[in-house]
């Protein structure tokens, strides 16, 4: 039997909004450690990994490891019916082919049960080794989201270049070019407004803006985002989920064969 | 001659927004008692009844009973041109085939006259007898609107079941099932947040969510909604209009012949 | 070389939003006096004239008169990437076929360069002589915008009639007629809420609402709008840009040959 009670139910609502456009169907894996998900996006280009640790739940009962296949769009439809202050409990009986989401209003005057059919989904869990990155940028998540959105109005790809002084986001399109530089800045009033760069060596990598913009749907989960870059590895765009875990997006860099690569397609 | 001056003109704006999608053309009936309307929706399934009592108007002159046929969509277009703080006066000369809406800004610096052609509309006034209901639920109107909207994302019909403990709203669709229970609750800080159930006998009735969601467009008219249920009668969904009257929606329950009835159509 | 630094960069953003739907491509003329534009709308009916005086810029360097042809839609795409509190600098090297917009965040932590190709645009600069008008109406810009929007829901043209008592905006359409009168009113708490009429002789002129509504996109630039009317001249709808200049729209009146003129076309 599975029963996971999450007092800050809005977290789960935000998680679903963050990933439902990227991934159609996915297995949620539940173990003593926590509630997690790993899935490729529907075009098999990006990978999303979610972890909500068991300690973050008010009540966490998971008698045996279980993998529950869900259609994320349907799951999102149900979670949208939860109020932002509701407590959400995820329940499943052993051997059942359904999952139940229970929403309790803070005053306990309104209680909702939404039951959804589970799906059989083939998936293999990729081991993602801890790696060394050439550069790690931590910056305000809203700033990163704004930059990705702005650049997408000009071009299709973004070149992210890191030096000690700062991180540069560049694009090029039919109407012109754009370069946005965010300087390292640790002397801010609020720590979440800092831009902090840890650099072992300079790095400059190109990514599809479409995916970056999709990742930024997780912005509401965290005030900061961490971007880990290495020329041999997919970039990791990570949003920490306070006291519970994280959502991480992985995306392979584009190999720029020639100049045309960065131009929008006709 | 007809001249009805309504200081809180926004009420009339809200009334039109509440009914214009349900009813295309309707007769407004004006008598010494008040300004009223009774009309079937365009598919002849639901009935709406509106009353604005003469006492609620700052000035109310209606020399003889008159029935004015109006296209509600056009009337709504005109009323949308009134400011939310404007005083609205409805004027018609005897024998005229037009009605004039006059909007005065609170400072009297801006005065608008909108004149609209009247229509000849056949309609018979149904007598709606006072009836005994099995159960009457009074609850916050925003809560009811939220529930109808949420359930419509899952299914097409709602089963409303009343017991002494509370009222349950249920639906079923392709992606799963949903049950929302609102408990009787009279110990709230503000009376308009109470959920109060008067029950003579338990009742469980099925309705089309499409209509329920249409009725909830009246939510801005009142903080509370009253739902009167009886197995032999159409449900009445009533929004009181402060110190003036009410808007009531009537809808016959669906007879559930088999399980397929509650499933969405392919 | 050209380098114009505008501390209140949001002004330039608003200017572009005000004119980009009216004009596709236009030459910005830069001289020692200021940064200006004069262009016909794409259907050659309305004229827009913009002036931002050099004194309004924090830094203004313009070595020689230069005319820069820009696609306003592309320019608007770039300016939308500037934050509302950003300082905007317009830069162009002598003989270059590009212009650069630089956006600096108030904290100087984020600096963006957007480079856009210039275009060759044929245009002749019309001399617009200072003229005597029959009537000049100054009123709150939001009020004027609201009136144009409201009337457009009823008809296609507006008749603007000025008498000493006030200004009347009228329209007529399939669903009826509308008249909105704004009274002269100089005794208001805030000067920008006044409606002030200077009249030499009464005037009544007809204009296409489509253009008027387009002009009102400049509403955010100024709390007041000035409408100058004369039966022999195009109307001038002017929005002052605080301490910098103005944006003026010119539109020829419609000649009403018969009653049908004011009715919407089938």
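Order as written gives the chain letters A, B and C; numbering starts at 1 within each chain.
The working rule: a residue touches a chain if its C-beta (ideal position, glycine included) is under 8 Å from a C-beta of that chain, and two chains touch if they have at least 3 such contacts.
What you see is a predicted model, and the numbers here were worked out from it, not measured in a lab.
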Copies chain A and chain C - rotation angle from C-alpha fit, nearest 5 degrees: 120
Chain copies touching (chain B, chain C) - same or different residues, decided at half shared: different
Whole-Å separation of chain centres (CA-atom averages), chain B against chain C: 43
Per-residue multi-chain contacts in chain B, two or more chains: none
Chain C residues within the chain B interface of the complex: 143, 146, 150-151, 153-154, 175-183, 185, 195
Residues of chain C that touch chain A when the two form their complex: 71, 74, 77-78, 80-81, 83, 98, 107-117
